[in-house]
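Multiple structures follow.
Two complexes come next, and they have one chain in common, chain A, joined by chain B in the first and chain C in the second.
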Partner chain A sequence: MSDVTQIAVYTLTIGSIYGLVGFGYSLIFSTTRIVNFAQGTLVLVGGYLAWDLYAHAFHGDVALPIILILVVLLSALIGVLVDLVGVAPLGRFDPRTNVSWLVTTFGLGIVAEELVRRYISDSSQTLPGLVHSLPLFGSRRLPFGVAVSASDVLLVVVPIIVVVLLEVIQARTRLGRAFRAVAQDRQAASLMGINPTVMVMIAFALAGALAGLAGVLVAPRLNVRFNISVTLGVYGFIAAVIGGLGSTRGAMIGGYLIAFVEAFTGVWNPFSSGEVYKPIAVFIIFIAVLAVRPSGLFGKKIVEKV
Partner chain B sequence: MTAAADPAPERTPMLSVRSLHVRYGAAQALRGIDLDVYAGEVVTVIGGNGAGKSTTLKTVSGVSEMLKHVDGSITFLGKDIVRKPAYRIARMGMAHVPEGRRVFPDSSAEENLMLGAYRRKDSDIASDLEAVYARFPILAERRRQPAGLMSGGEQQMLAIGRGLMAKPTFLLLDEPSLGLAPLVVEQVFAAIRQLKAEGLTILLVEQLATKALAVADRAYILETGSVVMSGSATDLAHDPKVRAAYLGA
Partner chain C sequence: MTVQGAAVPTAPAPSVALPDDGRRPPPAWATVAARFVPGVLLIAFLIWFGLAQQTDRVWISLGVDAVATAIAVVGVNVLLGYTGLLSLGHYSFFVFGGFVGAIWAVQDWGVNPWLGFGIALLAGMVLGAVLALACCHLRGFYLTVVTLGFALISAPIAQAASGLFNGLTPRQVEQPLDMQPIFDHLDLKNLQIAANKYLIGLYWIGAALLLFSVYMTWNLVHSRYGRGFKAIRESELAAGASGVPTYWYKVVAFALSAGLVSMAGVIAAQNTLNVGVSDGAAMVGNSFKYVVEAFTGGLGTLAGPVIGAFTFTMGFGIDIGGKTITQRLGTAVALFDAALVVAVALVAPEGVVGNLKRIGAWVTRAYSGAARPTPVASDAMQRPTPRAATRSGDGSAAVLEARGLVRRFGGLAAIDHVDVSIAPGTVHALIGPNGSGKSTFINLITGIYRADEGRVLLHGRDIGRMRPSHRSRLGVARTFQTCLIWRRMTVLENVKVGTHGRNGRRWSATRIAVGVFLTLALGIWFHAAGDTDLVPAFLVALAFAAASVSDLGIALLVPRFLRFDEQRTADRAWGLLHFVGLAERGRDRAGALPFVDQRRLEIARALASDPDVLLLDEPAAGMHPNDVHQLTELIRRIRDAGITVLLIEHHMDLVMELSDTVTVLDFGCVIAEGTPAEVRTDPKVIEAYLGVGAESEATEEGVST
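Up next is the complex of A and B:
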């Protein structure tokens, strides 16, 4: 397989997953100014829920796309639970000085992971590709001998569609405008008659849904396993910060960027085994971007309101 | 001249504040305020820096971060609204144009105005938007521009326009003249006079006492969290103590 196409495929598939997870961080950060440390775990929960539904509840006879939809809905509910249990009870607080959210979101992530271990499975599982073939696209070989499966195509296309769709909703609909108002100035938004609590809940629901979606989409490639919550949680967070927390398309670009850096390091590496150097390269890029643009590639300076 | 001259004793006030106490941590910002606003009136609250003017408005509109530390009663349109969340009070027809304007900086001027009309479902929104543009022609020129890039005066007009887009029955204005050039201050006060002529009920917080007293029917003077004087705006404008302390005479 050619190096170039290998890098391209990795960047587009894994990068879009980092982007989806990062988008979730961004949605929550922009409405609450907190970082939801349960976000990575929700990816894992989504993967295991899909596997459980596939292997047990439906014994494999329900089409996987239906399972995908179920998991996305369940994950949205779990996202709302994180808000209701971990964040909303903290009341109106200043996230810079009151950091209880750090403990509650991280703690809920651990709880969710342990629940999965206890009630679903405590070992790695495999989930077949969502679809075995797409219209106009079976599993086929691209030039340079790269094998691309139909689920890889979904992995590339679905996140882009989702992100574009959410951007359009934010820009064009009444709900989207209210959401952006809360993200810009929560108090001023409430003076417009917008209920900020509801908008925050919507952000958590969307972030949960995105994490669940990422968990299912990525399963055929990376399998369903526990350390995914850390990998995707951390890399998704880095993607969001590089793109500029609060910027939607920024998270996607950030995701592609770090996946590219990983793939590049894996292939062209002055030292022999690339794997070890991937995280190092990602962190170097992370720090380099923040050194040049502290609020991320697409981020705006956060202006302190008096 | 301590009791406000009640303009219409037989009517109940639109807004009635009784014995309002607000604390920020250990600091007492309001120490028992009584204040009434009747329908159709323009009432002004005057006072120096830190007197508690913004705290009063923020507690009335529910936007204060400190609602837990509020005591006393606030009645709006016959309903107890103390400690109600701001979005509920806004939906009752109260529009608060906050200190420092607080426009949505990344949204265009027109988006800001439309957010003012967020809760409305009637068919007059488009004509009200045109009315705001007619009232503040500069906003029509800037309609596509992000509000954060507009000048202070333009932002103030946008904030007032945004408040008007809610079609409020009661308008709270917190220092609309703050930081504006004299000519722009004139424009803002002209707009307030016009709104008064149209019959809108307004509670105006100002440090420019002369201008505020000239437009208001009644006034309250606030010092370190207490009302020290109240009465008809003309009486207060002629009171020697007020003139010495607030009118620079």
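Up next is the complex of A and C:
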């Protein structure tokens, strides 16, 4: 029976990270109709920034939660930089026929990754959990003998809080309304006195912040290393696409779904080594969902106007 | 400045018509040179490099690397540059090609190593097609993500499949190519050459394959496939509506590019004598490198990929102060590549070749690009021809019929049980206030939308479930309200794409005979000369022969001036440009046309499919009254040629003057139908347009909004 708990823990922890990254894609997509291919790298950059701040800048003197806040702010800044350097200068363009944005965002991702490699570290690093124990929780064992650390609990809880918070802001505040207006119709929004450029920048900042947050949260589990930029980047995107780009809930649910598929394949599969089949299973699910619903589970079908 | 509606010349008239801006046509030699100079330069460079650098081991090995990369980038360019689809997983095909062409075919199937290149090309196309079938229904970047996923899973697949195919784990190339035939002609007394002979041989093979790849792309671009690809890149919607089977064409583009990349992989495998799958991140990184190179050289150009690939390989090997650029960059190579491509995308998105062209245009600005003689078109070529033999409105069976059509958006029925029957040879107008469902109706007829209920009948045949391209091929053509032309293609090319459904090649006895002959000849040759067993030799020969005589094979291998169907397509396109009065602008970029001419171009493109029914979606919107008059004339001539016209229009004078029948829609329902005179006085129509209580004024003025 411990298999079930194991799958549940994996799904909830890793799934929420995929969802967090996917949410970033979703935010940018809904305002600009482009996909920020640097998103995965921002996760990596967040992790390494946190490690660098923790181990070098402050020599372990500053509590990690403070570093987390710093990293989130820095990542937001990097997100804005991606927009300012890679997307804003392209001006107004049709993302379907002009593919420059693909090249600039992906290229900037590599630039950021290489800068980390050169100036921070070129090897895998470890970062301790944000907190070692939670009040009321401690380091506890669930029934069936699965160990759950405090950082795992944060991994589950923080993304949900953040996403709910952002949902509330989107629904209830003036800024949120402006944001949704730009997402629905950029031109009409700008005629109503909303500056779409600013909204796009906010989207990039938020996406960057989410990626940075994901990078720090996931560090105790996956370590700070380079290939997470591709895996988390692609899986996050797959989560967002499966859920439906532009839908918040979709990204989270998509994240849980693929994490579940991964965990499930890892535990129950007829072959000997489950690890190898994880990505294959995710890929198959991805193709299957897109074959049935090209706009994702919660996405609105896009009908081209003629 | 618009061109007058062309009078149909009965005898070949003088063909040169110069726009009156005092510019001269460029000299003939310049036109020819511009076309062939890049190719000649490439050949000269490859030969010079091979001869000059054969004693230098570093450089000749850079050369092998460069030609292999160039072939791969040419392949990526077919997909990204011409079709507008970005793949970030093509490096997987590179590795796959190495496995197939250098290891499996040779070591496991006993095929001569020399055939490895062709086998990798075909096998890569097959694998590419399989992946493409699963993802080409997706819009742009979704496809990119699938390819990213493919790159990520290629290593796990290799592991998982290690039992199959004798394994995908890293393997040695045990039977490298035998270079002896090449070296019969070389001076082996030179010790350095003798030491490098394997690399030198590989370089020459790679160079030949590169030229072959460029030659194939060159043919492709000027074939119906290439035009279809570009049309998809510019506007997939318009491509489908013009008869391009977009899904299949995307699959073909993907397969072709995968094939070329696979072929390049064989050269690399023969070079390093080792093939292995690296991890997902490296697969993606290397795939992106191809994109960088294609982008830097110039996407969607023939020379761009070669220039880009050579710059990043040979170019980086150039010595500056005792160190090559690669050595100077050291580990910063990846950083430099990425920063460079971002800079190129922002500053010069057209790449090296695109900007050279721009400079060229600036240098030759004294010459008029359009002023090359406009070909004359025969009378027959200028006449719009419906494919069914329906002539003039005798009111018999309907050519096009909508029965009980319903289309809902959310809860609202935009089209609510509409029945319309269009008599052959007539102009049938569809009018109605804004939002009454006119455009939705056209989209339902042409297949842009699927109807929720009801049927669409063309000559009594239900076409309601077909894709837009299929309907177009059966004889339903349209123009778009928003004028969807392919802006970066020439005016002539736009019309040529329109012939898509018409000039398809059919299987003829000649083609089959050539195929059989090729199979036999190649099979015997492979068996006799190549030391290959009989069965694999003939299987490979059959695959080559079938590929060569397939539609795609012909498009790739036969240059356009040898192709009759291309001649016919060109004649027809010029003819229809004469018909709408645009022939003098035939060689201009379509995006450079003034708005009115873009409308004419759309009509010419639609006519090129020899439609039975032409659907015009607000052709006069935003037009000056003078131009509306010409348009009226044009529509009349189309009708007189026997093509049925369904006209959506707000210009009531145009509608009243032209139409035989008028159908009025309001809130998705037909509220009136009849002759213009009947409809004009119908109280329900007046109410719909002007509201209740406005009858008295409206009746006097007619409905002239």
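The working rule: the second predicted complex is superposed on the first by the 302 of 306 C-alpha atoms of A that agree within 3 Å, B and C clash if a C-alpha of one lies under 4 Å from a C-alpha of the other, contacts with A are read in each partner's own complex, and residues count from 1 in each chain.
One rule holds in what follows: a residue touches a chain if its C-beta (ideal position, glycine included) is under 8 Å from a C-beta of that chain, and two chains touch if they have at least 3 such contacts.
Quantities reported herein were computed from a predicted structural model and do not represent experimental measurements.
In the model built by aligning both structures on chain A, chain B clashes with chain C.
When the shared chain is aligned, chain B comes close enough to touch A:Ala178, but chain C does not. In the superposition on chain A, A:Leu297 makes contact with neither chain B nor chain C. With both structures placed on the common chain, the touch criterion links A:Gly193 to chain B but leaves chain C unconnected.
Applying the stated contact rule after C-alpha superposition, one finds that A:Val267 touches neither chain B nor chain C.
Between chain B and chain C, the partner in contact with more residues of chain A is C.
Look at A:Arg92: by the touch rule set out above, it reaches chain B but stays clear of chain C. Clashing C-alpha atoms with chain C after superposition occur in a single stretch of chain B, namely 43-51 (options considered: 7-15, 43-51 or 61-69).
In the superposition on chain A, chain A positions 303, 306 are in contact with chain B in one complex as well as with chain C in the other.
Across the interface of their complex, chain A is touched by residues 61-63, 65, 85-87, 90-91, 95-96, 98, 100, 102-107, 111, 114-116, 118-119, 162, 166 of chain B.
Touching chain C in their complex are the following residues of chain A: 34-35, 85-86, 89-90, 95-100, 102-104, 106-111, 114-115, 117-118, 226-227, 229-231, 234, 237-238, 241, 271, 273, 276-280, 282-283, 286-287, 290-291, 294, 303-304, 306. Residue ranges on chain A touching chain B, taken from their complex, read 92, 174, 177-178, 180-181, 184-185, 187-196, 300, 303, 305-306. Against chain A, the residues of chain C that register as touching in their complex are 80, 84, 86, 88, 134-135, 137-142, 144-146, 148-150, 152-153, 156-157, 159-160, 233-235, 237, 279-281, 284-285, 288, 291-292, 295, 331-332, 334-335, 337-339, 341-342, 345-346, 349, 409, 439, 443, 448-449, 480-482, 484, 617.
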